Amino acid sequence: MSPVTLLILLPFVGILAILLTPSKYAFAWRLWAQLFSGLAALASLFVFFGFHPGAAGYQMVQRLEWNSELGLAFHVGVDGLNVGLLLATALVGFAAVWVSDEIEKYTKLFYVLLLTMIGGALGAFASLDLFFVYFFNEFALLPTFLMIGIWGRGDQKNFATFQITLYLSLGALVALVGLVCLYALSGANTLDVLVLGAWLKEHPLPAGLQTLIFGLLLFGFGTLVGLFPFHSWAPLGYGVAPTATAMMHAGILKKVGLFVLLRGAFPLLPLGVQNWTGVLAVLCLGNLLYCGWVAMRQKDLNLLLGNSSLAHMGFVFLALASTTVIGITGAVLVMVAHAFLAALEFALSGYLYRRTGTLEMLMLGGAFRQMPFIGAALIAALMAGCGVPGFANFAGELTVMFGVWSVMPWHVVIAAWGGLVIGGIYMLRAIRKVAHGEVGKVLEGKPDVVGLARVPYVVLLLALVFFGVAPGVLVDRIRPSAERVVSLATAGASKTGAAGHASVLNPTSAPAH
Amino acid sequence: MDPISHTAVASSNAQDLAWVVLLFPLISAASIPLGVGRSRALTHAMAIGAVATGFVLSVSLFLLFGFTKGGIHATPLPWLSVGGLKLQIGLTVDTLSTLMLMVVTGISTLVHVFSTRYMDGDRDYPRYFASLGLFTFSMLGIVLSDNLVQTFIFWELVGVTSYLLVGFWHEKPSAADAAKKAFLTNRIGDFGFILGIILVWSAAGTVQFTDLAAKFHTDPRLLGGLTSLAGVLIFLGAMGKSAQVPLHVWLPDAMEGPTPVSALIHAATMVAAGVYMLCRVFFLLDLPAAWPGFLATLGGPSALGIIAWVGGITSLLAGLIAIQQNDIKRILAYSTLSQLGYMVMAVGCAGPDAAMFHLTTHACFKALLFLGAGSVIAGCHHEQDIWQMGGLWKRMPTTSICFAIGTAALCGLPIVTSGFYSKDAIFASALAADRPVLFAVGVLVAGLTTLYMARLYLVAFLGEPRSESAGHAHESGTPMTLPLVILALPSVTLGWLPIGSFLKEMSFGGGHPHYPDSITDILFDPFNHSPLGAVLGLGLIVFGGFVAVSLYWNATVDPLPKTLGWVSTALRSRLFFDAIFDRVVVPIHDAIAALFGLIDRWLLQGLVVRGGSGAVDLVGRGLRLVQTGNIQTYGFLFVIGVAVLVILALK
Amino acid sequence: MPVLTDLLFYAFAGLALLFGLLCVANPFSRNPITSAMFLVLTIVSLAGLFILLHAFFLAAVQVLVYAGAVMVLFLFVIMLLDLRQSEERQIRILTIGTGALAVAAIAGILIRAVIAAKPLASSPGLAGETKALGRLLFTQYLLPFEVMSLLLLVGMVGVILLSKKETE
Amino acid sequence: MTPGIHHYLVVSALLFSLGLFGVLARRNLIVIYMSLELMLNAANLTLVAFSRFNENLNGQVMVFFIITVAAAEVAVGLALIVALYRKRRTADVDDLTSLRF
C-alpha cells in the first residue's frame, strides 16, 4: 500500500475508533483524535521527506479501480503540487485537534467532524482523479457548515453560517457543472488527470468549450478560495467559526480550489487558460488591494485576519494569471506557507477569544505583557503575514513577484504595494492594538498557554520558519511539477502575447529564463 | 550539487569565519528564550561574548582579506532556485564589508556592555539582549551580503528587529506607536527597493553583486531606458533605512526606544545600512542617465543627481530643525539625520569612499554621543529636556569630557577630531562632482551643526543646575563610562587613517589614491588636499560656535523663539512633515479603506447576500402556508397527488 | 357445494367491509377500544376469505398474529394511555370531506382498474398446501426468512429502548 | 355468481379505501395506526387472491412476510406513540405539529 493511502486512511480509522468508544470513556475521544492526527502528521513527514525532489512525474502512486464503467478510480499519488500541501494538511490538522480542548458540548461529534475534514482534505490533495478530488473536498466542506452552525460564536453566527453555506455550495455547484462538462464532452470517459491529459493531447477540445469549462472551474473553485468579488463569505465565516474549523478551512480547504485549478484546469485546458488569464489578472488586484484595504478597516481581529488571508490569495491568483514557472512555483509556496500561517493566526485568535470572550481590538491590548507566549507568537504570526523574511510567506510572495514581473510588471508594483505597505499597515495596527499597549481589562488575570498546550503553536511556527529559512527544500520539490503545468498550460500559445505585455515597462524585454 | 559536502570541504577556508561572525549573535539570541534567559549574568555574558568574538574575528578578517582587491567570498548556501531565479545566501569578505563589520560589531559590543547597567532592573532584561542579538545578526547579514535579494532579506529583518527594539517598552503607547511608524515608513522605502531589485534582475538575470558589476561594466546600457529608474527605486530603499526626506519622520520618534538602542540603531548601524547599501551597488547608480518614454525627452537627472539632492536637502532641513529641539535625544536624532544627509549626498556626488569614511567616523562619535546622552538620562533620573539640566560637568565629569569630545568630532573641529577629516572628504567630493550648490549646503550645515551641538552642550552641561534631578545627577558606574571612554579614542584618532583613499583604491576602483606620508601631511591633509572646503568649514564652525556661545552662555530659557517668531514655531513643529503624514497620507489610505469597507458591508454582504436571501425568504414564507404541520393534510395532498399521477399515467 | 362457498364469500366480504367501516368510522362511538374490537372482527372475516382462497396456513397466522398478538398490543397501549376522553372533540366537516374526497378518488381509480382488467382464467387449480408453502419458505426464501427473524430481534431491541423510562 | 378474482379485488379496494379514510379523517394516532393495519390487510387479500388464481405460492410467501413485518412495525410504532405520549401528553395529531417550519 502506498504511504499516501495510509495517510488518507489514518483520520478515518481515528473516526472509527472514536465512534466505537462509548461515552463512559469520553476522555478517550480527544486522545484518539490526537493519536490519529499525530500519526497522520508523522506519515505526512514521511511522505514529504521520502519524496524525491527534482524528479518529474508522480510518486507513491496507487490506483484502485472503482467503477470502470464510469471510469472512476481511486488513484492517489504525490508530485510537487501536493507534497507540500499534504504535509501542511496533516500538521495543521494535528494542531487543530490539539487546540480543540475548548470544545465542551458534543465533543464526540466535534472530533468526528474534525477528523472528517482532515481526512477529506488529505484525500482531495492526494487524488489524481478529479472526481475524487471533488468528492473528498465536499466531504471536508460539509463538516465546516455543521461546525460553524453548532459550535460557532457571536451574534452573527446564523448569518455567517448561511452566507458561507450559500457561497460555498453555489461555488461547488458551478465547479461541479464544469467537471461534469469536462467529463461528458471530452469523450475520455474519465476524470483521471493522467488518462484525461493523454486523451486531450490527442483529441483537444475546441477553444470555445475549453473557455467555457475553464470559466466554470475558475469561478466555481475561485469562489471556494475567495476570489474577488466572491469573497465576502470568508472573513465573517472565520469570524464566527470555532477555532479548529477556522484553522482547517482558512488554512487548508481554501487551498483545494487553487489546487484543482493547478491540477486539472491549467494542464488540461490550455486554450481556456489563455482566454481567462486577462480576467484573472484584473480580479486578483481586487484581492490584493481591495481586500487589503477592507482589512485596514476592521475592528475585529478575526475579520482582519480573514480579509488578510484573502489578500494573500491574491498573490496566488496573480501567479496563476502569469502562468510562468517561477510564478507557479511561488504560488504553491504561498499556498503551503499560508496554510501554516492562517492556521497559526486563527489558533491564536481562538485562544484570545476563549480567554476574553471578545476579539474587538479596542478591548484587547497588552497581550504581550499578560500572555508572553501567545503575544510573542501573535506578533510573529502577524509579522509573517506582512511578508517578513524568515517566514515562508516571504519566500513565496517574493518568488511570485519575481516570476510575474516579466509578464505583468504593473501588477507586481501593485502587489508589492499591497503586500508590503497595506499589509504592513493593518498587521502592525493589529499588533499595536492587541499585543502592545497597556493590558486591557478583558485580559487582566487571564493565563497564558503553558506546557504541552503550546505544542500546536510551536509546530506551526516551526513549520513557517523552516520553510522560510530553507524554502529550497520545498521549491526543489515543486519545480518539476510547475514546469510541467506551465508547459501544458501554455501549449500552443503564441508567445507574442506575453512579450507584448512585458514591453509596456521593459523595452529591452530580456526576461531571464 | 550537494551543498553540505561543499561546505565541509570549504570550511577550512579562513573567509568562512565570516559565517561565525554572522551566526554567533543569532545563536546567542536564540538561546536566551530557550533557557539562558533565566539567569541575568548568563544572558549578558552570552550576548557580549557573541558580539565581542565577532569583533575580534572581524578585525582578523579585515587584516586577512581587507587588503585584497575585489575581496573573497565565503561558501554560499543555496536558498531558492527555480527557472532563471537563483538565490543564495553568500558572504562577501572584502574591504568594504570588513570595515563595516568592525564598525557594527565594535559598537554593538560597547552598546551591549553599556546596556548591562542601563537596562539593569528592567523586567524584560533577557528579551532586551535577545532582541539586540537578533538585530546585530540582521545588520551583519546586510553587511556581508553578496547579492541584492539577501540584502533585501536582512534589510527587512533589520526593520523587524529595530521594530522590536524601538517598541521595547511596548506598554508605553508612544513607544509602540513610534515602533509602528518606523516600520511602516521603512516599508514604503522597501517597496521601491524590491521593485528596483526585480527590475535589475529581469534585465541582468542575476542578483549577485559581482556578476552584476561585471555585466554592467561590459554593457552600461543593459537596463535601457530604465537605468535611472532602477537606481532611484533602489535608492528609495536607502531613503527609508537612512531616513532621508521625506521618509525621515520615523527616526526622531524612534527615540522612544531605550537609549543604548538609539546608539546602536540610529547612530552606527541601521541608518548607516542605507548608505552602505548605496556604496555596495554604486556601480548601478553610477550609470549614465536614461529614463523611459516621455521622461527621456525631458532630460531627467541621473540617479546620482537625485540622490545627491535628496541628501543635501535632508542634511539642511534636519540641521535647521535640530536648532529648536529641546529633548536631548531628539537633537541627536536630527543631527544624525543631518549627517546621514551628508553621507547620501557624498554618494550622490560620486564619492562613496567619502560617504563610507564619514559613516565610520560618525558611527563612533554618534554612538559616543548617544551613549553619553544615555548616561546623562540615567544620571538625571530619566530627564530628557536639556532645559531641565545644566551644570552636569561638575557631577558627571567623565561623561562630560567624553560628550565634549563627541561634540567636537561631530562639529568637525580641525586636526583633533575625526569628523573634520571625513566631513572634508565629503566637501571635496561635492566640489569634484561640480555641484557647488550642494557644496555650499554642506558647508552651511557644518555651521548649523556647531550651533545646535554647542547649544546642547552649553545648556545641558555648563551653567547651573536648573532642576532637582540635574542637581542630584551622578555617574552610573564603569559599565556605562567605560564604553564612552573607549569610543572617545577613535572619535579623535580615526580621521588620521586614510580610510577614504584606501576604500577608493580597494572597492571603488579609484585611479590615483592619495596617501599622506608624513605626520604633518596626515594632520593637515585636508588643507593640502581640498583647501576650500577645509577653510570654509572651519570658518563656519567658528561662526556657529560664536553664535551659540553668545545666545546660550548661562541662558535659562531659549531666546530664539522670541526673536525668530514663526520660523521657530515651524522648526519646533519639525517643519510639519509629521503633520503632513498624519493629515494627508494616512487619511487617504483610511478613506479608501472606509469606502471599500462600506462596499463590502453593504453592497456585497448587504445587497447581494442579504438581498438574495431576502428573495428566497419571501418565496419561503409563501410556501410555508402550505406547511401546516398536520400529518393528515400532508396525507391528503399525497393521496390527491397519487390519484392525479395515476390518472395521468393511465391515460 | 360451490354454492355454499359462494355464499360464504359474500358473507365474509360483507362482514369484513361492515366491520371495517365500523372500525374507522363508527357513528355511535369514537372510543378507540370499539375501533380495535371491530378491527379484530374485520381481521377474522379476512381470515375467512383466506380460507376460501385455500390459504389455510395464512388464515391461521392471520388469526394468531393479527387478531391475537397485534390487537392485544393495541388494546394494551390504548388502556395504558387511557385515551377515552381525548376523542371527545368536534368532528370537523372539512376533515371528513377532504378524506372522503381522497378516498373516493383512490377507490374510483382502483375499482375502475379492476373492472377494466381482463379477467383471469377463473379455474382455481392450486390447492393451498401448507406443506408446499413451508418447503418454499425454507428453500427459496430461506435468506429473507432468516433476515426477517433478525428484523424482529432489532424491532424488539428498539421497542425496549424506546419505551424504557428515561433515567435522569 | 361464482366469485372470481374481480370480486376479491373489489373487496380489497373497498377495504383499502376504508383504511385510507381512517388515516385521513381520524385524529387519534392509535386509530390512525389501526386504519393503516386495515390497509395492509387489504393488500394481503389482494396478494392471496392473485396467488390463488395464478396458481403460484409466491404471493402467500409475500403475505407471510408482510404479516411478520407488520407485527414488528406495530410494536415499534406503538412504542413510539407511547414515548411521544409521555413527552406531549397527547395522541392527537392536531396537537403534534412541531415539525412545521
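In order of appearance the chains are A, B, C and D, and numbering begins at 1 in each one.
Everything that follows uses one rule, which is that contacts are C-beta pairs under 8 Å (C-beta built on N, C-alpha and C of every residue); 3 or more make two chains touch, one makes a residue touch a chain.
Quick caveat: nothing in here was measured; it's all calculated off a predicted structure.
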Chain with minimal offset from the mean of all protein Cα atoms: A
Chain pair with the greatest number of C-beta contact pairs: C-D
Most remote chain, CA-based centroid, reference being subunit A: C
Subunit B-subunit D separation of Cα centroids, rounded to whole Å: 89
Euclidean distance of C-alpha centroids - subunit A vs subunit C, Å: 61
Centroid spacing, where centroids are CA-atom means, of subunit C and subunit D in whole angstrom: 6
Length of the line joining the C-alpha centres of subunit A and subunit B, rounded to whole Å: 36
Per-residue overlap in subunit B, given as positions that touch at least 2 other chains: 632, 636, 639
In subunit D, residues with contacts to at least two other chains: 20, 24-25, 27
Residue list for subunit C, restricted to those that touch at least two other chains: 95, 98-99, 102-103, 106
Touching pairs - complete list by chain label: A-B, B-C, B-D, C-D
Subunit D partner contacts - residues on subunit C that touch it in the complex: 2, 6, 9-10, 13, 16-17, 20-21, 23-25, 30, 32, 35-36, 39, 42-43, 46, 49-50, 52-55, 57-58, 61-62, 65-66, 69-70, 73-74, 77-78, 80-81, 83, 86-87, 89, 95-96, 98-100, 102-104, 106-107, 110-111, 114-115, 117, 119-122, 124-126, 128, 132-133, 136-137, 141, 144, 148, 151-152, 154-156, 158-159, 162-163
Residues of subunit B defined as touching subunit D within the complex: 620, 624, 627-632, 635-636, 639
Residue ranges of subunit D touching subunit C (in the complex, touch as defined): 1-11, 13-22, 24-28, 30-31, 33-35, 37-38, 41, 44-45, 48-49, 51-58, 60-61, 63-65, 67-76, 78-83, 85, 90-92
Residues of subunit A defined as touching subunit B within the complex: 159, 162-163, 166-167, 229, 231-233, 236, 290, 293-294, 296-298, 324-326, 329, 366, 368-369, 383, 387-390, 394-395, 398-399, 401-403, 405-406, 412-413, 416-417, 420-422, 424-425, 428-429, 431-432, 435-439, 470-472, 475-476, 478-479, 482, 505-508, 510-513
Subunit D - residues contacting subunit B, complex: 20, 23-25, 27, 93-94, 96-101
